[in-house]
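Structure provided below as structure tokens; questions to follow.
First chain written, first letter: the chains are A, B, C and D, and each begins at residue 1.
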Amino acid sequence: MKKFLNDPVNFVNEMLEGIYRAHPEVTYVADDKRCMVAANRKPGKVGIATGGGSGHLPLFLGYVGDGMLDGVAVGGVFQSPSAEQMYQVTKAIDQGAGVLYIYGNYTGDIINFDMAAELADLDGIQVKQVVGNDDVASSVVGEEHKRRGVAGIFFVYKAAGAAAAEGASLDEVTRLADKARLRTRTMGVALSSCVVPEIGHATFSIGEDEMEIGMGIHGEPGISRKKLAPADAVVDEMMDRIFAEQDYKSGDEVAVLINGLGGTPLEELYILFRRVSLLLEERGVKTRHVWIGEFATSMEMAGASISILHLDAELDRLIGAAGNTPFFKHIPA
Amino acid sequence: MKKFLNDPVNFVNEMLEGIYRAHPEVTYVADDKRCMVAANRKPGKVGIATGGGSGHLPLFLGYVGDGMLDGVAVGGVFQSPSAEQMYQVTKAIDQGAGVLYIYGNYTGDIINFDMAAELADLDGIQVKQVVGNDDVASSVVGEEHKRRGVAGIFFVYKAAGAAAAEGASLDEVTRLADKARLRTRTMGVALSSCVVPEIGHATFSIGEDEMEIGMGIHGEPGISRKKLAPADAVVDEMMDRIFAEQDYKSGDEVAVLINGLGGTPLEELYILFRRVSLLLEERGVKTRHVWIGEFATSMEMAGASISILHLDAELDRLIGAAGNTPFFKHIPA
Amino acid sequence: MNTITASDLIRLFEAWKTLFAEEREFLISLDGKVGDSDLGITMSKSFAAAAEAVTAEGEAAGIAKLLRTAGATMARTAPSTMGTLTATGFLRASKALETADGIGTAEAAKFWTAFRDGVAERGKAKVGDKTLLDVLDPIARSLEEAAASGKSLGEALALATTAAEDALEATKSLVAQHGKAAAFQEKTVGLQDAGATVGVFIIRAMRDFAA
Amino acid sequence: MNTITASDLIRLFEAWKTLFAEEREFLISLDGKVGDSDLGITMSKSFAAAAEAVTAEGEAAGIAKLLRTAGATMARTAPSTMGTLTATGFLRASKALETADGIGTAEAAKFWTAFRDGVAERGKAKVGDKTLLDVLDPIARSLEEAAASGKSLGEALALATTAAEDALEATKSLVAQHGKAAAFQEKTVGLQDAGATVGVFIIRAMRDFAA
């Protein structure tokens, strides 16, 4: 294991200490560093919380700030935070307008967020939930409720965060988050494994010339493992699956996220985007917004994912709105 | 070689096509994609250009934009662009106020920038140069002119870019860039090699449990190769070398850059920063600005560098000023 | 024994703690086959924490309070799927035994029925989905029958354990529908479910304790 | 031959092109020892491009114009240290031979003196720094002497080549001060300098061509 760390047991807490030292815009509640909230409350605004395992930076911690989220609870590496932690975050960020949970479709997270919502309900805090399930590779059409949530959740945060910042109600923020969720599809491909610090060896093994299409961000099995193909061919295969589920006509608009899983150089992500952009262009689809970089990682895993949000007018406005968090800044043109 | 690419020969050009497709804020001149300039000129402003080999994103291309650079010429992976390309960029960005070149201390780059400056001079364009040499590990005190330029050049860009945006003259921008250069020190450590696409195998080999302190961003040999130590110990060793060259008294202020070399997860960079921040705190030094992430990479190399800029009042103002480029956005608090 | 008292319950948590410490590596490798290898870690952690918490609380707190403490402690220590589901189970069992002074056959039936219902509600799985629920359901049913027919606690727990073991064996032929294992689809056939294995361990240790 | 004409010069570039194609792997591995392995790639690329460019231009352009085309082409094709330095050398040689119809001993001396001065100015190295300059300097000096003492072109180039070969051998004992090799410090002792090796190749092929 080649990592910059001290005792693996302290990996998450030391990372968190680094974050709080670097970013005074965020702080924590309940005397628990794993319960992060924005340093400033926005009275009357719908609160948005997320959470999940550590090891995915900038997910989840990185998106707390203006125009995005208000709080987040994180667990150990690839482990859910507890219901109690989520509940503490919920209490801290509620401004009387209710709280929306946005998180990925993983059993551990669901069970804990459900429990937290019940606890919050006892306090009279209204909680709604939107569970990201953008990973096309993780289940077939018709079984979308079984799909995992991956990088596409960024678009759900962005839409919901902008709506809440505009002063929308909990119902309205939830509606928009859910619309962004339903219109987002992601396909991923992994080239190498990651190493969980407390485990110390690769989560899975993969041949020196192999890739796995559709692998999950914790190393869950994908659709197919085969010889690494040229970048354009890899993109074509991924986009085929996405296009099969999104019905485009000429003139339609999209937002694109090319996400590195942690170990893949930015240069390669731009090579992938080049092809994505060509394929969209061929169909007369206009790319209105694009982000390329690391948005949801798996530690040092080499690989990438492509997320496409099929926009409509209101999503276009929300996705393009300003955002300012420790890890994500967007300045509208 | 596990990379997303098509023909390795097209690596740089396809990456550039991806960048132009993603970021309409930048464009190119002389019908050569390797000559990038900001899409909008700012009349009367001192132009700032940089350049160097590809494979270091977001360096160099990523810093063209408001409050930063005006143009950049890039070469093949780890190869200098040509004097002609630099000259074309220079002509395009000159607004009558002259042009400052800021680049790293590598022979190939120096002789090409020198040649470009001579060509520009023939056109009556005034050119000044500031050559980054922040890498403490690459030569001893007294021989600083032999030191390589690494991630610390980011601070030089930031100071010069903000000064030029404020309307400073070429002499003044040069003075400030040079001051930032002289007050910046960087130490790096590498854990794994990178792979140059056209070569196809690792540039150097390093044991599964080894690190190299002071390794250059093209794999140039460093100060010592030894067993990977706990993160805090690695930071202590790196900071010792930096502190030995920067004279701090309590109350002094710094800007900190924790830079990932490409393959190191963000979590680990925060663990490194935690320690850096503690060491600065111990000396009563105040961290005024901090950036943590990938700012100057070596493709997929695992490793990190720490750059410290010893601030004074004017540098503090410039480093904290707004910036907005495709790869770097800063919104002052 | 015919009734598990509050002081017995504290010792039963000690027994569970020892058991999951022993089975740590086995559960790690079982969860590793079609999951993320954390089950041995989370179960040993959460039962150790629960055992310490109930010991610290002491028998004076009574059955319901001890179970609540155990459940709340587990939820905090191991918020994985199984950690939270077992925590939910103990919290529901605590509610079901609010007025009980000890656990005889009738109370054991209430305990496990509430445990099963809590896991079912929280996890939203159905029997046959290849989860913990596949052993909790036969345990609860078997104990309800035993209570109706007036069986002794020892006998009742023995029958419930046998039912659980049979059900665990039956999970081998099922395809996982939930959690990380679901991604492995057909590859899960032939393997016994990891969470269900934990269920069998819990009831088996309870049987041995009461024997 | 006693004079290299414009049409000869085009064929000389063909000879250099062939030579560097042949020495490609050798230079890659030489530069790989204390550098970045690109020297064989850049030299074969830049001489191939230069040869094509001067062929396309044709002999009517004359000596100076051909050298300028070669230099400009090399600067564009291979902007590495050696690529740009050799480009600079040819550009300066072009200037020095602005009015020459052919290259005899006197012109060869002007050619190489300008080449050396260009490399020295551009690279800011001193003789003894273990660079290309360490062979360019003896070449220029030797040719100046030969011109002063009225030696034939063939004899003059033979003497210059010997001087260059000796100087190359002498680089083995030096410590690199410039470029990527400088980082290797003492490890460079015992190795002949890669750029100086290229210098020897260039003069040697010129000698063979004029013989």
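The criterion applied here is as follows: contacts are C-beta pairs under 8 Å (C-beta built on N, C-alpha and C of every residue); 3 or more make two chains touch, one makes a residue touch a chain.
Here is each chain with its UniProt name: A, B = Dihydroxyacetone kinase subunit DhaK; C, D = Dak phosphatase.
Quick caveat: nothing in here was measured; it's all calculated off a predicted structure.
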{"item": "Touching both chain A and chain C (chains)", "value": "none"}
{"item": "Centroid-based (C-alpha) most distant chain relative to chain C", "value": "D"}
{"item": "Whole-Å gap between the CA centroids of chain B and chain D", "value": "33"}
{"item": "Chain C-chain D separation of Cα centroids, rounded to whole Å", "value": "82"}
{"item": "Inter-chain centre distance, chain B versus chain C - centres from mean C-alpha coordinates, in Å", "value": "57"}
{"item": "Shared-contact residues (touching 2 or more other chains) in chain A", "value": "none"}
{"item": "Residues within chain D bordering two or more other chains", "value": "none"}
{"item": "Chain contact graph, described as a line, ring, star, complete graph or other shape", "value": "line"}
{"item": "Pairwise chain contacts, counting only pairs that touch as defined", "value": "A-B, A-C, B-D"}
{"item": "Chain C - residues contacting chain A, complex", "value": "36-38, 75-76, 79-81, 84-85, 88, 122-123, 178-180, 182-184, 187"}
{"item": "Touching residues on chain B, where the partner in the complex is chain D", "value": "75, 78-85, 107-108, 111-112, 114-115, 138, 146, 148, 199, 203, 216, 218-221"}
{"item": "Interfacial residue positions of chain A with respect to chain B in the complex", "value": "2-7, 11, 14-19, 21-22, 25, 54-55, 57-58, 191-192, 208-209, 211, 228, 230-232, 234, 262-274, 277, 287, 290, 292, 294, 297, 299-300, 302, 304, 324, 329-331, 333"}
